[in-house]
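Order of writing sets the chain letters: A, B, C, D, E and F. Residues in each chain are counted from 1.
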C-alpha cells in the first residue's frame, strides 16, 4: 500500500503547491481590487491601542467564555467521543484528550500565541510572509504582564481564551483515528499539525490587517475555517493513512455507552456559547445575538437529524439527535457574529442534511473509517457554515457595501486554502511518522484494546 | 376505562370553566380594590424604554445565567431522570430531553416569545384578553435586532434567557410518564401544552402591567406558578391518563444508575443559580441574595430529606438527598427574590417534608404512577414555595404597604388558577391524543424497553 | 492498638502545644520586626468601607465564580472520588459529598462566616485572640441585607463565595477514609473539624489586618494553607486512626469507573478557575493572570505525571493524568495571584513530582491507607505550592520591598502552623469519636459495601 | 439428583422463581446469558447504518433437585415461562453425581 | 443428546457461531465468564502500584446437540476457535438426560 | 473426568482459587451469578418504598478435574469457601464424557 500512496502523495504535493500559489496570486489581486474591510475585525489582537482600559463586564464574560471553551474539551469532547468507542478503548480517548489539552497549553504559551497573533511585519493591504505566520516576538508571552490590555479585557484573558481554541482543534482530530492509533504517533502528529496548520490558519483568519483571509474580508467569526474545516480535513487524512479498524464493515463497532456521549454532547452545546458568543470578546448585543443564533442552529439541526432518521428508518436515535446538534453548532460557528435567527435556522437545517449524508452515505461509499465522523460532522459542517455565512450575513454598517457574490467567493477561497493547507500538512506529517515511529498499534494490542495495551488500565470494574 | 373518564372529564370541564370565570371576576375586583404594584416587576419586557443602554456587567451575568438554565435541561434534567429509569429506557429519556429542547427553541422563536411577552393591548389596572395572552406582534422575533435593548441587557439575551425557561418547563413533565408513553404522542402533548398552558401562565405572571397575576401583585420571582406548578399538574394529569407502568406495585422499578441521577441533580443545583439569581436580570444585590437563599433552601431540604429517611428507615439514601435538594430548589424559586436566609431555611425544610409525603405516602395511597415524581416534587414543592413566598417576603420599599394576609391570598389565587388552567389543558389534550394517535406504546414494546423499540438503540454495550 | 495510640497521642499533644506557643512567640517577633503588608490583602472582608458601590462586572464574575466552586464539589469532587472507589461504595461517596455541602451551608450561615471573617477586636500589628478566631457578631448573617456591600460586590455574594470554600475543604477529607468510615462518625468529625480547624485557619489567613498569617504577610491567594494543607493533614490523621481497608495490600482495591473519575477531574479543573481567579474578588488583570497560570500549572503537572508513568512503567494512565492535573491545581492555588507563566510551569512540574512520590512510594513505605490520596495530593501539593508561592511571586508594587528569604520563612511558618493545628484538632476529635460512636462500620458491612449496609441502595442495576 | 438447566425470557424470571418455590424447590442459581436460536435478533442503528444484533438477552436458571421432583420442576418451569411465542427457551436435565453444602458437611439430597 | 460446553476467546465468538450454524447447530447460549488457566493474566496500574489481574475475559458457549452431531460440533468449534496461542480454551461434552422446548411440548432431539 | 460446579460467596473467590491451585487444579472458569436460597435477600429503599431484592450476588466456579482429583477438589473448595454462615453455597459433581483442548489436539485428562 506504500507504493501507490507515495505516488499519489507526490502528485498531490505538486498539485497543492500549484493551487496554493495560484490562490495567493488571486488573493493579492482580489484584495487590491476590492479593498474590503474585514467583518471579523473584532476578532483581533488590538495591541495597537495602548490607551484602552479594562471593562469589568467584558472581562467577566470573557473569563467565563474561556472556561466554557475549556469545558467543551474537558470533559465535553472527551465524553462525546468516549461514549462512542468500545469499552476497551474508552480510557485511550480520555487520556488523549487530557494530554492534548495539557500539551497545547504549554505550546501555546511557548510559541503558539505568538505565531498566531503577533502582528509584527503585517501591513494592511500587503500580502507577505507575515500574512501566513506571526512573528516570534511574543513567544513565552514575553511582554505580557498583569496590566497588559487587549481591547477592553486583560491580555491574559485574551491569551487564555484563544488557548482554549488551540486546545480543542487538534483534540477534535482524535475522533478520526480512535481505537487504533499509537499514542506516541498521535501526540507527535497533533503537535506538528498544530504548529504548521492550526497556527498559520488561525493567523490568516484572525490576526487582523495584513493577514491573508482577513485581507480578503472573510467572515469567520468563531472558527469555521480555523477550527472545524482545519480539524475535519486532518481527520480525514489521518483516518485514511492510519487505515481502518479491525472488523470495520464486518462487525458492529457500536458505542459502548450512549449516555456518556449525550452528556458530552450537552456539554459541547453549552460550552459552545462561550465559543461563539465569546468570540465577540465583549458582553454586548453581538454576543447576545451570537448566543441566540447558536441555540437556534443547534436546535434546528438536532430536529432535522431526528426527522431524517425517523423518516428513513423509523427510529429516531439518541446518537442521531446529539450528532445533529453538534453539526448545527459547527455550521453556525463562522456565521454566529453576522446572521440573524432566520439565517441560523437555515444553516442548522442545511448542516444536518449535509452532515447526515456525509456520515452515512458518503462514508460507506468511499469506505474510509472515520471512527467518530470528524470529517463528516466538523469538516462538512464547517464547509456548509463557512459558505452559508456569506449568504446569510447581515452586512455591518448598511447593505450598500456588501456584495453577496464577492463575499461568497471570499468564503470559498478561504475554505479551499484551509482544505489544501491542512490536508497537505497532515499527509506529509503522517507519511513521515508512518516510516518512522509507525502509526498503528499491533493487531493484538488493537484486539485487546488500547486501554490495557497502551495505558495498562481498564475503564470499568464491576 | 374510557367511559368513566370521559364522564369525569365533562364534569371537570364544566367545573373548571366555572371556577376560572369566578376567579377572573374575583381578580378584577381585587385588583381595582388593592391596586398593588407587582413585586416581580423587574421581570418585564421593557421594550417601552428606548433610551436604555446596555450594562456590560449585567449582560455578562445574564448570558451566563442563560447558559446555566440550558445546562439544567441538557444534561442536568436528562441525567437526573435518565438515571432513575431502568436500563432499557435510558435513551428514551435522553432523546426526549434533547428533542424538547430543540422544539421549544424553534417554537419560542416562532410565536412563544410573542405570546408570552408581547405587551400590545395591555394596560395597567385593566383585565382583558391580553391579560392572558400576548399578541403576535413579536412573532418570529420581528423587530428585534443586534441593537435592541431590554432593560440593561440586549433583547437577544432576554429572549434566550426566557427561552431556556420555556425549554425546561415542558421537559420536566417527561418524568411523569417515563418508560411507557409513545414518542409521537409525548411530543404532540408537550407542544400543545406549551402553547396553551405554558405561554399564557408565563404571560399572566411575567409580562407586567395589565397581566392577570401581575395585576394582583403576585410574588413569583423565578417561576413557582409558571414553571413548577404548571409542569407538576401536567405531569399528574398525564401519568393518570397514560396509566401505570407494567409491573408497577408488583416488581421494583428502581433506578438503573444512581450516580447518573446524582450528577444530574448536581447540575440542576448549580444551574438553578442561573434560574433564580438570573431572574433578577441584573448583577446586583438582589441577584446576590437570590444566590445565597437558593443555596440555603437546597441545603436545608437535602438535609431534611436525609434526616427523615434516617429516622424512618435507618438508611439515608443517595436518591433521597438528591430529591430533597431538588425539592428545596423548587420551593425557593418563587421566593428567591424576596426572602432572606431565615425564610430560605424555613422554605427548604417545609418543602422537604411536604414533598417527601407526596412522593411516598400520597403517591402510594392514591396509586398513580408518577414515575419520577414530577407532581410530588415540582407540583407540591412549587405550591409550598409559592404560598410561603408570601409569608416570608421582605416587602420592597418598606413594610407599611405590605399586607401579609392579602399577599397570601394573592399567592393562593395564582396557584389555583395555574392548577386549574394547566390541569384543564392537559386533560383535554391527552384525551384527544388518546383517541387519535394513542398515548402508550404496545405491551411488548414496553417490555422490550423504549430504547430498542422506539429508538432502535441500546444504552450500554459491555 | 488503643494503648500505644493514646500514648503517642499524649506525646504529640504536648509537642504540639509547645510548638504552637513557640511559633506564636516567633510570629509576634517577626511581625513587629518586618511589618509587611499582606499580599493577600484583596481577600478581605471590607465591611469597613461603607461608601463603596457595586460594580456589575465584578459582581457578574463573582456570582459565576461562586457557582464554579460549588460545581467543584457537586458533582466534581463527588465524581472524582466516586469513580475511584469500588462499585459497592460509590453511593456512600455521593451521599457524603451532598450531605457535607448541605451541612456546611447551614453552619456557614449560622456561625461559620462570622468566626472566619468577623473583624471585631482585630487591630493591625496586634496578635490577640481575634488573630485566631473571629467574633460572633455576624452570626446568622446578622446585619447583612440586600444592600450590603463588600468591596465592589454585594456582601451576599462574598458570603456565598466563601461558603463554597467552606464546603469543599471538609469534603476533600472524605477521600482519605473512603469505603470504611461510619456515616455518623464521618459527619461528626467533619462538623467539629470545620469549626475548630477550618474556621480559625481561614480567619488567620484571610480576615485581614490583625490576623495571624496576614500579619506575617503570608501569600495564600486562594487557599494553600486554608484549604489544601488543612484538609490534607486531616485526611492523613483520619486514615491512620480509622485504619486500613480490609484487603489493603492483599487485593487490588482499584477504581470501579475511571471515566467517572475523569469527568470529576475535568469539573474540578474548570471549577478551579472560579476558585483561583475568583479569589481576586474582581474581574481584572490579576483575575485574568490567575486564570492563565492556573491552566498552565494544571497542564504542566498533568504532563509531568504522564511522563513519569510513561518512563517508569511504560503505561501512561488515565487516573495518572487526572491526578497530575489535580496536583498542579492544588499547588498553584496559593500562588495564583502572584506568579507569572514561568512560575506556574515550575510549580506544576514540582507538584507532580512530589505528589507522585507521596501517592506511590511514600504511601506504600509508610503503609497508611489514604484511600484516594487526600494527603498525597492535597497535603503535599498544598505544601509545595505554599512554599513555592514565596519563591516565584512577583512582588506587588516593585521588587525593592520584597525579601525572598523572609517571605519563604513566612510561608513555611504558616504551613507549619496549619499542619500542627489541623493535625492536633483531627487527632483529638477522632480519638473522642473512636471511644464514643466508633469510627468504622462492622467487618460485614464493609464487606457488603457501604451502599447497601449504610444507605440501603445499590449504585447500578443492569 | 438432577441438574435442571432452563433458558428463559428475562422478564419471566420472577414468575418462574415463584412457581418453583411453590412446588418445593428451595434454591436456584441464575445467570444472565445471551441466546441464539430460531428467534430473530433485532436491528440497531448507529449513524444511519443498521447492524443486526443476533444475540438476545436470556436468563439461565440452574437448579439441582432430587429425582422425584424432576418432572414437577420441568412442568412448573414450562407453565411459568411459556408465552407461546418463539424464543421461550429450553429445559435440559443433566445428571449430578454428588452434591455438597459448603456450610455444613451435608451431601446428596440433603445438601440441596 | 449431549451438552457441549466450550470456553473460548471472546473475539472468536462471531466466527464460532457461524461455523456452528453451517453444520446445522440451530441454537446456542452464551455466557461471559472469566477464565484462569495456563495463560498468564495482565498487570494493571493504579497510582504507580501494579496489580496482577489473574482472570481473563472468556466466553462460554453451551449448545445441546443430537448425538450424531457431537463430533462435527467439536470439530467445528476447534477449527473456528483456534488461534494456536495459549488460552484458546477447552471443550467439554456432558450427557443430557432430557430436553424440552418451553413453547411447545416437544421433547428430546426435537426440542433443540 | 468430572465437572465440579461450585456456587460460592463472591469475596471468597480469591481464596478458593489459591486453594485449588495448591492441590494441582490448573484451570477454572468463573461466572457471576445471582443466587436464591435459604439466605434471605436484602431490602433496598427507593423514595421511601422498600423493595426486597431476593437474588444475591454469587460466583459460580466450574472446573474439570481428573477423577482422582475430585475428592481433593471438593475438600479444598469446602475449606476455602466456608464461612459457616448461611449462603455459603453448594458443590455439584457432574460427569464429563469427553474433553478437548482447542489449541492442540489433546483430549481427555491431558486436555485439562
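Convention: a residue touches a chain if its C-beta (ideal position, glycine included) is under 8 Å from a C-beta of that chain, and two chains touch if they have at least 3 such contacts.
Keep in mind that this is a model prediction, so the values were computed, not measured.
Q: State which chains count as neighbours of chain A and simultaneously of chain D.
A: Touching chain A as well as chain D, we find B, E.
Q: Averaging only over C-alpha atoms, locate the centres of chain E and chain F and give their separation in whole Å.
A: 18
Q: Go ahead and note the Å separation of the Cα centroids belonging to chain B and chain E.
A: About 54 Å separates the centre of chain B from that of chain E.
Q: Spell out, as numbers or ranges, the residues of chain C touching 2 or more other chains.
A: 55-58, 60-61, 64, 254-255, 257, 263, 313, 315, 317, 319, 456-458, 460, 462
Q: Give the residues of chain D that touch two or more other chains, as numbers and ranges in rising order.
A: Residue numbers touching two or more other chains: 31-32, 44-46, 94-95.
Q: Take each protein chain as a node, join two nodes whenever their chains touch, and name the resulting shape: line, ring, star, complete or other.
A: Other.
Q: Which pairs of chains touch each other in this structure?
A: So, checking each combination of chains, I get A-B, A-C, A-D, A-E, B-C, B-D, B-F, C-E, C-F, D-E, D-F, E-F as the touching pairs.
Q: Which residues of chain D touch chain B in the complex?
A: 11, 14, 42-46
Q: With touch defined as at the start, can you tell me which chain A residues reach chain B in the complex?
A: Answer in residue numbers: 55-58, 60-61, 64, 68, 86-87, 254-259, 262-263, 265-267, 269-270, 273-274, 277, 282-289, 291-292, 295-296, 298-300, 302-303, 306, 313-319, 321-322, 325, 340-342, 345, 394, 460.
Q: In the complex of these two chains, what residues of chain C are touching chain F?
A: Listed in rising order, the residues of chain C that touch chain F are 251, 447, 452, 456-458.
Q: Spell out the part of chain D that touches chain A in their complex, as residue ranges.
A: Touching chain A: residues 44-51, 53 of chain D.
Q: Mind listing the chain B positions that touch chain A in their complex?
A: Residue positions touching the partner: 54-61, 63-64, 66-67, 70-71, 74-75, 78-79, 82, 90-91, 94-95, 98-99, 101-103, 105-106, 109, 140-141, 145-149, 153-157, 159-160, 163, 183, 257, 260, 263, 451, 454-462.
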